[in-house]
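Shared between the two complexes below is chain A, which pairs with chain B and chain C, respectively.
Entry: the complex of A and B
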């Protein structure tokens, strides 16, 4: 058996654990898409805070305005604050961006044939259309409830 | 009529393990015309400037999957990428990302190969068909074939692993190509091996390590769409989980 000296010395390029996503526009787009979750968290905390303030109110049959003072403060001083309004506009835009980018990906998770004897797949636009219909439907219901219980 | 020859500045990442501590860049002026591929540019460099330049290739027609490499930071097959599409720009050729560099543009793909082997990428028939005589056909309808055909186009070039940030950050991740092949065999109606592959699909390093970045599908030279197969694999894994809760096997 011949002895051949091996010069093998595989080089492992260093991995940038924190900044890897800055290397490629596609990764940046992905991080923005996923990053919108942080803003969604703020929206959730905002609603929880509102429920908490509502729980502090004293609810009586003959409701006086002083009894619901914490919730009135929440509505007028907290939600009415220009900074919070601006933040909520940003959150709305970010969540719409998340919805659009997420809906664009969803057809990849759906692989259904048109019928039992077809080799044709359900077109991507059907999945997307169903998701947009769901979004519009939910928005209409929420706005309708808000309007009717005003 | 002779058109004037255009040239492009092509930078190649070099690494010679016997003498280099780390990779370095070398730039060449490569003449090209409208059908010069990156692979041909490398041949030109090897023939005219640097006989020692190492790179893998075989079929030159996007079938063998040997020549995956990074072109301007994006995973491509060198044979299927053309200099004309980079006109007016410089070109930088690097070895496939996320794999150890062996020499110049040659990377060590053994991790990819091991993962593909691990998920049992072959048809495992059920007991009834296990000993089917070779002269008997296994009939398959066009729809049954369509269910897996797209995912069977994989040529194991490794471009999807070079594109995957999850694989970059956690090399234990089974990764796009292997998980795609896992799905491809699971949905083949001749196959009954889904239970044997389930431990790999369901594991932490399996489908659930994928965060749906989707770049693998973007760069796949065969349009296999690995990110689709992995999301479908997640559905398979979730269904498996629920069924196991209702009716445990052990």
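Entry: the complex of A and C
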């Protein structure tokens, strides 16, 4: 936090009830979009838990099955749990929804000019198409590497 | 006489990490979630399933891949908690406490991940 004294006097409208956003479809969409961040945080904690369980194991080349018990528990009883699999599917869908909203706002946030001599902007669909290509490319690369090295 | 302090906000740093993390969440996270779901579905087979021991050893004994995993965790934690910090205004919370909670947790998650990954890297060799 900056130590600069702020002279800003923001108006904070009173929030009378916590469910104000359920009354308008636009606000529901907004809250669902912001809510995808909570699920992304859960995914981060899931990965971090896996790293923690792996760090507890014996990481020598000839490990016994008891030496790697924490990671095996994580793999079979945590990731293999039907509740966690269902939650992971929900996270996957929510992140794809986030991707759609994120890519839709990107051409509005980043203005790319056609050339130096004009103020004409690059069409929005070009930026969006490049981002969707990036999503498809990253997905293909990660899944191919994960499949081929397993 | 009025003292003039440097009038710079630190918000751009967090916004930069939010932007980078949002990009990671939209491009890389769907594939990671597919791998985690596949790992859950194939967890009965410890030799050939997704994220089996040999595969995760390969990831975390390689400094570059380990750094990639750290980058994903670091950017995503700052992205998610920045967004939650700003969403708290919509629920009538205007306290500065959420600033400390959000960025403190994000920094804690990042440092714990980095520490554990360094520990594993040391344990491998």
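We take it that the second predicted complex is superposed on the first by the 126 of 150 C-alpha atoms of A that agree within 3 Å, B and C clash if a C-alpha of one lies under 4 Å from a C-alpha of the other, contacts with A are read in each partner's own complex, and residues count from 1 in each chain.
Going forward, a residue touches a chain if its C-beta (ideal position, glycine included) is under 8 Å from a C-beta of that chain, and two chains touch if they have at least 3 such contacts.
As the structure is a computational prediction, the values presented were derived from the model and not from experiment.
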Touched partner set for A:21, first chain B, second chain C, both or neither: both
In the superposition, chain B vs chain C on chain A residues touched: C
Touching partner for A:96 - first (chain B), second (chain C), both, neither: second
Contacts of A:40 with chain B and chain C, given as first, second, both or neither: second
Contacts of A:84 with chain B and chain C, given as first, second, both or neither: second
Touching partner for A:129 - first (chain B), second (chain C), both, neither: neither
Touched partner set for A:119, first chain B, second chain C, both or neither: first
Which of chain B and chain C A:8 touches, first, second, both or neither: first
Doubly contacted residues of chain A, that is, touched by chain B and again by chain C: 12, 15, 21, 34
Footprint of chain B on chain A - complex, ascending: 7-13, 15, 17, 20-21, 23-24, 26-27, 30, 34, 105, 108-109, 111, 113, 116-119, 121
Touching residues (chain side chain C, partner chain A) in the complex: 5-10, 22-23, 25-41, 43-44, 46, 48-53, 55-58, 60, 69, 72-73, 76-77, 79-81, 83-84, 87, 89-92, 94, 96, 99, 109, 112-113, 116-117, 119-120, 123-124
Chain A - residues contacting chain C, complex: 1-5, 12, 14-15, 18, 21, 31, 34, 36-38, 40-41, 43-48, 50-52, 54-55, 59, 63, 68, 71-72, 75-76, 79-81, 84-85, 88-89, 91-92, 95-96, 98-99, 102-103, 131, 134-135, 138-139, 142-143, 146-147, 149-150
For the chain B and chain A complex, residues of the former touching the latter: 15, 17-18, 22-23, 73-74, 97, 100-102, 108, 141-143, 145-147, 165, 168-169, 211-215, 217-218, 225, 227-228, 231-232, 234-235
